[in-house]
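Alright, structures below, take your time with them.
The same chain A turns up in both complexes below, where it pairs with chain B and then with chain C.
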Partner chain A sequence: MVEVIFIWIAAGLTLAIFSFLYKDNPFYKVAEHIYVGSAAAFWFLYLWFFDVEPKILGPFKEVFHKYGFSGMWAHFGAEQWILFIPIFLSICMLLRFIPPTAWLSRWAIAFTVGMAAGLGVTGALQGYIIPQTQATLLPLWTGNPLTSFNNLIIVIATLATLFYFFFSKEHKGVLGVFSRIGITFIMIAFGASFGYTVMARVSLLIGRIHFLLFEWLSSFFH
Partner chain B sequence: MREFFERISKIDRRIIYLIVLVGVTIPLLTRKGFEFKPLPEVKNAYNFIENLPEGSNVLISIDYDAASMPELQPLLEVMLRHLFRNNLKVIMMGHWPLGLPLGQIALEKIAKEMDKKYGYDYVFLGYRPGIAAVMLNMGKEIRMVFDVDYKGVPLDSLPMMREVHNYDDIALLIGFEAGSVGDFWVQFAQARFGQKIILTSTAVVTPDLYPYYQAGQIVGLIGGLRGAADYEILVKRKGFAYTGMTAQTVIHVIIIALILLGNIGYFALRRMR
Partner chain C sequence: MLFLYFIFLLSPPGNVKARDVPNDAGGKIEVTWKLSPDDSLLDFYIIFRQTQTEAGWSTPETLMIVKRGLSKITDTDCKDGVKYRYIVRAVKGEEWVDSSPSNIAISSAQWFHKKRASALILLIIIVGLLLFFIQKARKGEELFIRKITGLDAIDEAVGRSTEMGKPLLFTLGLGTIADIPTIAGLSILKRVSKKAAEYETDLIVPCFDPVVYVAAQETVKEGYMEAGRPDLYKEGNVFFLSYDQFGYAAGVDGIMVREKPGAIFLQGYFYAESLILAETGNSIGAIQISGTTAVTQLPFFIAATDYTLIGEEMYAASAYLTKDPLFLATIKGEDWVKILLIAVIVLGIALETIAYFLKIPLLHFLKQFFTII
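And now, the complex of A and B:
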């Protein structure tokens, strides 16, 4: 019975969202707000129970239960002291909401930007640029005409696309020809990407229609 | 004549929606499927799993949420059945908190169906924030990130996790991707630690992941509903993805026809002017 109720709620919300295809209406708005609200609550719960509670509060709780508030400070180890750094940065981030102290949030932002940039640069070099460059250094004749043709396309497309983004010289003559080939390959890539996007959106529609037909409508007969 | 061309070049979007609705509904009701050959990248993924020795650990990362459920959830269930059928051990975690319950639902459903035991055949670790930091620390020691499972049980209390410390103890990582987490897995787990990876993704993300497959950075790629349908064919268990592909094909034909109609109308009107 409970399952049937949930199926009806899900079907109602699905139809409410689909109603936007006709025009904006209160049913759509209600469904949209329910989604945003429940997603935000879900995020909060997950961050609390999988992060704040076990990673920040957990190590303090243990010492607090053993020695009490006044005694715990003397028994803090490296595990507890190091947590004051993220706690301090978190407080700095929250101070953004208080205008006179908002500037302190820059410290926390600077830390995150620095860390993300460091990880991003090394990750991109090691995991993307170098392996992808290696993968482009392909033999133009492999003995198999189809593979050779594939390799030729990869090499020409990569070089031509790079030429298109070379702005130090006007795109005329040989450079102009190459950059035009480059933009053609970029357009083909956009087309492929768009085709896949259409496929993805249709898949979502198929999923919802499948749910309405085989779960919601079939619940009428149970 | 002019009126006709004007009409076909400006069809009301609501009529298009109705045509699409009918185009999806009829194939789903008839439940007929087309015959097609699985793509090589999907076959590679399947063969890699087939060749894993029994008892190997497979890490599954849930990096999608309800919005991508129709594309990835059926595939997750089929892959879990395949993994359990081959007596492989499953460790599930994720970087998208909103999607983790979907992973957990599928894991518990299939484990029950295949008579697998929690802690012995599969574990669910849950979520930790900080995508790159999580991946890098897991390369050193999983306990640095997940010292307990989602219920708070210490990892060492779970028999199958006692010998699992880092990527060296994980034979394969399967990422279910609806965003950019797949790139992070390749950049941090594969490039730095040599982790074998299969990426499964929504169709939107798939074109961005093909370069990794072409470069040999991932061992297999299963993209969108088509990839899921291919996998269903390979494991000989045709389901939602396979029948969904008929609807998908019908819609593609409708879209192509509408694009052609719009263009015919546009060019005919231009010539008349």
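And now, the complex of A and C:
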């Protein structure tokens, strides 16, 4: 019985969301607000139990239980002391709610953005630039005409795409020709990606329609 | 007890060696051994680990069981600085035989990954080029940046929205503040907020990530201040919406159809919600300017929005919009990095092609240099 109730709720919300395809309406508004509200509750609990509790409080708990509040400080190791940095930054962030100290939240943002920029540079190098360069170092003749042609396309597409992303020169003359070839390859790649992703989305829709037809409608006959 | 041969029918695995895994963050020891001559008859091997304590070697603990034919494992549960040794037991039914203990191994972390030297060298070159062009810009050299239509359209979009008496909507997508596209999106947000303040148009910024929300608030506030209109800044217009992907999409869609913004900016990192947002924006007749580095979402933006910043065009935004010589210098430096990469690729292709015909392994050196493990 409980299962049937939940199927009805899920089907009702699915249809309410689908009703947006017609136009904005009260059913969609109700579903939207339930979704946003329940997502906020879910993520609060998720972040508490999977981030704050195990990563911030967890390492202190054991020492606290063993030595008590006054004794635990002497028994903190590197694992505990290092956590005071994120705790400090978190407090800085929360100080936004107190107007005279709100400026302190900028420290936390500055730290995060700086760290992200630094990691982004090495991450892009090791994750994209070097592997892409390595994968483009291909022989133009491999003994197999099809593989050789494939290699040629990879090489031309990579080089032309690099030319498209030249910003400090006007795209005229030879650079203009190469950049046009580059954007053509980019669009071909996007076309392929578009078709591939649409297929994945259609499979999601099929999943939802399957739920409505075979789980929800079939509950009428039980 | 463990080192005694209980059954004499089986031959033990030999030459058990343990070593710290190189180029790692520590905590790992690699154990190798020579297979037992009776390997094909065995059921499996058991690997035991002993830890050195003040009282001597600890009782062997079972580390893992591996099938016959395998002669290498990695112990990923080591403490750095602790001495370990390993014993490999060959097992067949009720019979078993132990190897001699391995050498002593201690795991440790390495500061430098030797096989990633290419990344370091490239990084030094990139930084060198950037510094060189920044220095040139400081000396007053004129630096050019080509037209980027999507960025030129920002002023047009804000103006059109103002004329229609409608607000602007700006979304930074689902990226966190640690994502570079989000940071690039913030620089575009600053420009949009400055223009919104100049034209006295409302700017709505629903945020997905709480930290991005704080950064967006600061950015918009700064934009209004730069325009000399801090009085027009409405804190409630920059708000946290939801940390759930489709909850966020549903919320932004709702705002679009109810507030009917005249211009929508989709700038940041997007996932599957990209088309939902862009199509809703399209359905209300808003002028839309999108930008992302997410390759799988760019096709949707190109199909459903008026202007799209493709990948690196987003990163060039701050230089393009501010025309700050120092920012322009970084763009120039990046272009020279691209020239360098093109040269390397052309050279590498030539070497690989020659290597195919002449069969000289040495000619693969460039490809090997760029191989990161």
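Side notes on the structure shown:
Rule of thumb we're sticking to: the second predicted complex is superposed on the first by the 193 of 222 C-alpha atoms of A that agree within 3 Å, B and C clash if a C-alpha of one lies under 4 Å from a C-alpha of the other, contacts with A are read in each partner's own complex, and residues count from 1 in each chain.
Quick note on the criterion: a contact is a pair of C-beta atoms (placed from the backbone, for glycine too) under 8 Å apart; a residue touches a chain by one contact, two chains touch by 3 or more.
Being a predicted model, the structure only gives us computed values, none of them experimental.
By the touch criterion defined above, A:54 reaches chain B but does not reach chain C.
Look at A:199: by the touch rule set out above, it reaches chain B but stays clear of chain C. Within the superposed three-chain model, A:39 lies in touch with chain B and with chain C [touch as defined at top].
Once the two complexes are overlaid on the shared chain, A:119 sits against chain B and chain C alike.
Looking at the shared chain after the overlay, A:128 reaches chain B, while chain C stays out of its contact range.
A simple residue count on chain A separates chain B from chain C, and the partner touching more is C. Shared-chain residue A:210: touches chain B; no touch with chain C. Once both structures are placed on chain A, chain A residues 39, 42-43, 115-116, 119, 124, 126, 131, 134, 189, 193, 197 are touched by chain B and, in the other complex, by chain C. The touching residues of chain A, counted against chain B in their complex, run 21-22, 39, 42-43, 46-47, 50-51, 54-55, 115-116, 119, 123-124, 126-128, 131-132, 134-135, 154, 189, 192-193, 196-200, 202-210, 213-214. Interface residues of chain B facing chain A in the complex, by the touch rule stated above, are 13-14, 17, 20-21, 24-25, 28-29, 67-71, 97-98, 100, 126-129, 132-133, 136, 147-148, 150, 152, 183-184, 186-188, 190-192, 202-204, 206-207, 211, 214-217, 223-226, 240, 244, 247-248, 251-252, 255.
The part of chain A that touches chain C in the complex is made up of residues 17, 20, 23-24, 28-29, 31-32, 35-36, 38-40, 42-43, 93, 96, 105-106, 108-109, 112-113, 115-117, 119-122, 124-126, 129-131, 133-134, 136-143, 155, 158-159, 162-163, 165-171, 186-187, 189-191, 193-194, 197, 201. Across the interface of their complex, chain A is touched by residues 116, 118-119, 122-123, 126, 143-146, 148, 177-180, 183, 211, 214-215, 218, 241-244, 246-248, 250-251, 253-254, 257-258, 272, 275, 295-296, 298-300, 302-303, 310-313, 316, 328, 331-332, 334-335, 338, 341-342, 344-346, 348-349, 351-353, 355-357, 366-367, 370-372 of chain C.
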